[in-house]
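What follows is a pair of complexes built around subunit A, which joins subunit B in one and subunit C in the other.
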Partner chain A sequence: MKNMRKHGILNRRTLTLIIIALSVIIILAVTAAGFIMDEELYAPHFAEKNLPPSGHHLFGTDWMGRDMFARTVKGLSVSIYIGLLASCATSVIALFLGVIAGTFGKYASGIFNWFVDIFMGIPHLILLILISLLLGKGAKGVAIGVIVTHWCSLGRIVQAEVLALKDSQFVKASEKLGKTKLWIAFHHIMPHVVPQFIVGLILMFPHAIMHESSITFLGFGLPAEQPAIGIILSEAMKHLTTGMWWLAVMPGISLLIIVVLFEAIGSHLRMLLDPYSAQE
Partner chain B sequence: MTDSAKHDEILLSCQNVSFRYHKGPWILRNINLDIRRHERLGLIGPSGYGKSTLSRLLAGYDSPTEGEILWKGKKLPQKGFCPVQMIYQHPEKALDPRWKLKRSVSEGWQPDEELLKRLNINSKLWFSRYPNELSGGELQRFCVARVLAPDTEFIIADEMSTMLDAITQAQIWNVLLDEVKKRDLGLLVITHNNSLAEKLCTRIVDLRDINGAF
Partner chain C sequence: MFQKKIGIYSLTLAMAAMGVTGCSSDGSGSSFENAASSLTEAAAQPDGQTDSESLSAASEKKNEVIAVVNSEPSAGWNPVTGYGQRYDPILQSTLTKAYGGEITNDLATGYEISEDGKEWTFTIRDDAYYSNGEKVTASDVAFTYEAVRDNSTSLDLSNIASAEAPDDTTVIFHLNEPDYTFLYVTYKVGIVPEKGYDENYGENPVGSGPFKMVQWEKGQQCVWEYNEYYYGNEPEIKRIVLLFMDDDSAFLAAQKGDVDIIFTNQNLAVQQIDGYHMENVETIDNYGIIFPTTLDEGKTSEDGRAIGNDVTGDPAVRKALSVGLDRDALINDVFNGYGKKSFSMCDTMPWFNEETALNESNSGKDVAVKILEEAGWTDHDGDGIRDKDGVDAQFTLLYTSSNANRQAMAMAVAEQAKELGITVTPEGASNDDITKRVYSTPYVFGRGDYTPNEFYLMTSTNTIGSGWSNTGYYSNPTVDDYMKKAMASKKIEDVYKYYKLAQWDGETGASLIGDAPDCWLVRADHCYFVRDGLNIGDQPVQPHCANGQVILSNICDWKWE
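Then we have the complex of A and B:
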């Protein structure tokens, strides 16, 4: 009985690790497959137009006879790539600004909060479209749009965490033991903020990917010749009335799965990194 | 300064100190209190009357809303090792949960083996642990060792032993009192336990008698 319980706890931790590892592997595999994929795989084959999903074409083919599975993988890979770039950049900004706002007194906090309120007040999508249009659409516009709009919420989490830590008894004690502010920032504050930051960063990926897809879907993002998931979905909408459901459903579900996988990595990583619940 | 004058020297002094959290009600109002080197002062009063708040002001963790705290007639130094050190009721909050105890205990100075032994700190076993792996009594020993640095001149113990069992309580107080006497440190004992204060202290002040807020 006792052994069995021990076994159960061990399994939960192992299970968490397995879920993270599997999700990472799937995402990496999709991204890599998209990058090294031969263009021939999603080239038009007019002899095989409008085929529903089958063993030969897993996701069917479209009105130009392009294999939808290959297009979806390619599209996802592009989206993940842009999402990763944008998420990393915006998270670094969030960390930097959040730490500064938390560390340097009232004025820094005031300016920071003012900017955050402005960026959080405007709907992301509108700001994204504006920035993308300004920068001439394309991948660069989308990435910069995501970077500019997404640092606020994570920045605020970082700031709140820094403020709470600065007030904590062990930081006060450290100050009185003669440690400088900079020393405390590196040795007491950072080790607490970084795990939170990493989880926040990973949970940012699905946001970035969804935003990239949605503005591309609306026609303000990546150009039509790029096999992005947003392009695939918006093209599919035009053909939905003809009964070719697989054009939208299969890529849509794939995008959803990728987003769910990112969420899974983030939430399971949080369970691992939280020392208070993890070491139980 | 002659020896007896030094003995009688005022170390910490509250001058018309008032305090409130943000715009809340006054917790402390017009407090005047001198603490001399030769005495061991006990500050008593029921919980919620602002004892911990006053101890945070005296230790320089917070600043008074009005009035001044003076250390030997001057402001407490803001930078560098502070001569006034505090031991807090909750040792688990006074130690970084992500630091091993060896690192925490030597954050301000390197405590010698002899002191660790007297505090019953099992360095072999405990140094490589994290705070959440030890009991409150074990952690409090580390906090005591940490503040007994050579440059410490005054110790504020805020309900230091309230959460501990009787044996641990006696052990820790014995070591602390020994050090205070040997090194002629100032000591402020904050407690809601009158009999503990009577046992340890040479003078007792009830916060209700000096706090204009109540």
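Then we have the complex of A and C:
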């Protein structure tokens, strides 16, 4: 009780919940704003090109007179959308493969480890670029690229968790009762893995978003007319020489904030879900 | 968890780092690091001076120029593989020159055409020598033209049946078809020596131009020195250092004061650099839209590319855009004012038909709307987009995504077309991807040279489907007929006359008041920051040239003041 007093009126758990809620609200707001945004807001207005940040244009305008604030919000929402989609899909793969590898003995885990080694052995970015190029770039290429490459580390975590669970009493008992491995996997092991999985999933969002922006920045991702954050940053590069700092700095910071927010959600959620820290 | 955090932050940092070192997304230039190293190496002169003082010392001697261009010829300095076809090769000499569209003698001293137009006899000067002291002979000329015919993909000389040299100063070209416009290829071919020519020529070019190459470090710099065997007037500039950098690196180099002249883009051109002034040269570097001119009938080309577009297949839509788009606004919005209006491939050239230039009475939004309404394009279903027979007036406009000018052009055209009731959707793509769709999708393009052949390539039925030429499947028998007559004309004045008629004969033509197969909008100025005191002479109208080397064409007139 004494410890809690030190934090003032809010106890740690409430504070954690508030941080999570705030982060979720901000992210949802950005995403929603991007989706319902009128295209006119970030259309070119050549009469107002190259303006520094002001009250009228919060993030300034670019060389075609497009409002950078609107473009950034739209770009972030596109990135978040692709990131969410790709993270969810890749997590499902990780969960599925991890559980199978853990449950079905030596051969399954041998093959699983072999695949993980292959994917982890090649740098993510290079693999992503290759896959994206093969699939004709665009949102589809990026999303599938992220899905195919990002399941490895989460898959490993799930597998380790499963291996630990396999030796537990209730699993052994279940085996003795004659349940099939599949039944055990879905009824005993999955529920125990879920908390780890959810945290892993959320911590994967920033990865996916950053990778989406990176390969778009390098020109292998989304097309140039799309207001994606990678496009915005790579266009800004061409104008740094002339001192138009706001083109790179404002969207860059915005991207960083979104990534940090996801990170905050993930780590605070872990505090709540993890039995060791949940009661602190 | 800690590791994950590190991972995320290092990724963020990596992004930031990428931002700083700046990979140029168009792949055309070198990165900042490259630029920096090429600068230091430019300072390292052959005699071992390495400090930057030697740079300024060299400039004080007033016979050296350090010039920055975007890129070097990818296949080397070899006219046979395409070097110097768009601008004076300098290292080699050509039979003729064509600054501003007027053909003058260079290596040639005169020419005669046979009665049937199939035999061209050139006499060449007797006092021309290569930089290695060997004499330039007529058989070298014959050899070069045949080699270009057999090797070059960018210049079509397939009309040459054979070339022969009866003596040292006479060369005869035998053509398959009569062509009196053959003269317009003679300024595009730099002459290489038959003796000693091999596939490595591009690395060690030997030519009879005013300069010879003494050093080439690929991707970084190339050093040229005066060729003392050159037959023309001795230039005041004796040494040229060419540096290869992208626009941003070049701009920074100029800000540091390390270079004498840089090629730059219209966005950077509005900046000021102390000690430099802006020279913007008028060009026939046309920017515009190329339309598919046939309707989509489900046909495909031999290699499986779809042909036709139901919206731009209607001449009314093409014409409405050609006359309705506000060129002044495009010049200001896209090119920061560095440009002139463009109406055809032929503007400013002697074969340009002045009648096809737009004026206040035959252009503007109202005229465009009238053309559309008369053709039946009205907004029947009330969705703000014109339609005709159930087809909405909308199309995708492709542009090269790495080219900021073409992107801005596509965006600006889309904004303007909206006011005409036509929906244009810009879409960026690589040139390779654009190539796959050129027969069915309009695209933003840049093109222009000192020859009526350019107009021929874009509009002749014979050139349908060859590379970037006539991708719109445009075909008009009357136009073909005029161009055939032009090629069969024995006097240059008649060539001009028939090309003018091919543009517009009062009833039809391949210009924007005729069939409008393409819509040329802006001739973009070429912009150069030039160090104060460097006189770059009278620059003629420049052709389309992506890397800026065209500025050197009159290097023999340059001087320090």
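Keep in mind that, in the parts below, the second predicted complex is superposed on the first by the 250 of 280 C-alpha atoms of A that agree within 3 Å, B and C clash if a C-alpha of one lies under 4 Å from a C-alpha of the other, contacts with A are read in each partner's own complex, and residues count from 1 in each chain.
Here, contacts are C-beta pairs under 8 Å (C-beta built on N, C-alpha and C of every residue); 3 or more make two chains touch, one makes a residue touch a chain.
Model, not experiment: these values are computed from the prediction.
J.: Determine, under the contact definition given at the top, whether A:214 touches first (subunit B), second (subunit C), both, or neither.
T.: second
J.: Applying the document's definition of touch, where does A:64 land relative to subunit B and subunit C: first, second, both, or neither?
T.: Touch status of A:64: second partner only.
J.: Which of the two partners, first being subunit B and second being subunit C, lies in contact with A:270: first, second, both, or neither?
T.: Touch status of A:270: second partner only.
J.: For subunit A, which side has the bigger count of touched residues, subunit B or subunit C?
T.: Of subunit B and subunit C, C contacts more residues of subunit A.
J.: Per the contact definition in the header, classify A:191: touching subunit B only (first), subunit C only (second), both, or neither.
T.: A:191 contacts subunit B only, not subunit C.
J.: A:106 in the overlay: touching subunit B, subunit C, both, or neither? Say first, second, both or neither.
T.: After superposing on A, A:106 lies clear of both subunit B and subunit C.
J.: Give the list of subunit B residues in touch with subunit A in this complex.
T.: Of all residues in subunit B, those touching subunit A are 59-61, 79-82, 84-86, 88, 90, 93-98, 107-108, 130, 132, 146, 149.
J.: What part of subunit C is in contact with subunit A in the complex they form?
T.: Counting only subunit C, the residues touching subunit A are 1, 4-5, 7-8, 11-12, 14-16, 18-19, 22-25, 247-248, 251-252, 267-268, 271, 329, 332-334, 401-402, 404, 407-408, 411-412, 415, 426-429.
J.: Quick one: in the complex, what on subunit A touches subunit C?
T.: 43-44, 46, 49, 63-65, 203, 206-207, 210-211, 213-214, 217-219, 223-225, 233-242, 248, 252, 255-256, 259, 263, 267, 270
J.: Mind listing the subunit A positions that touch subunit B in their complex?
T.: 168-170, 172-180, 188, 191-192, 275-276, 279
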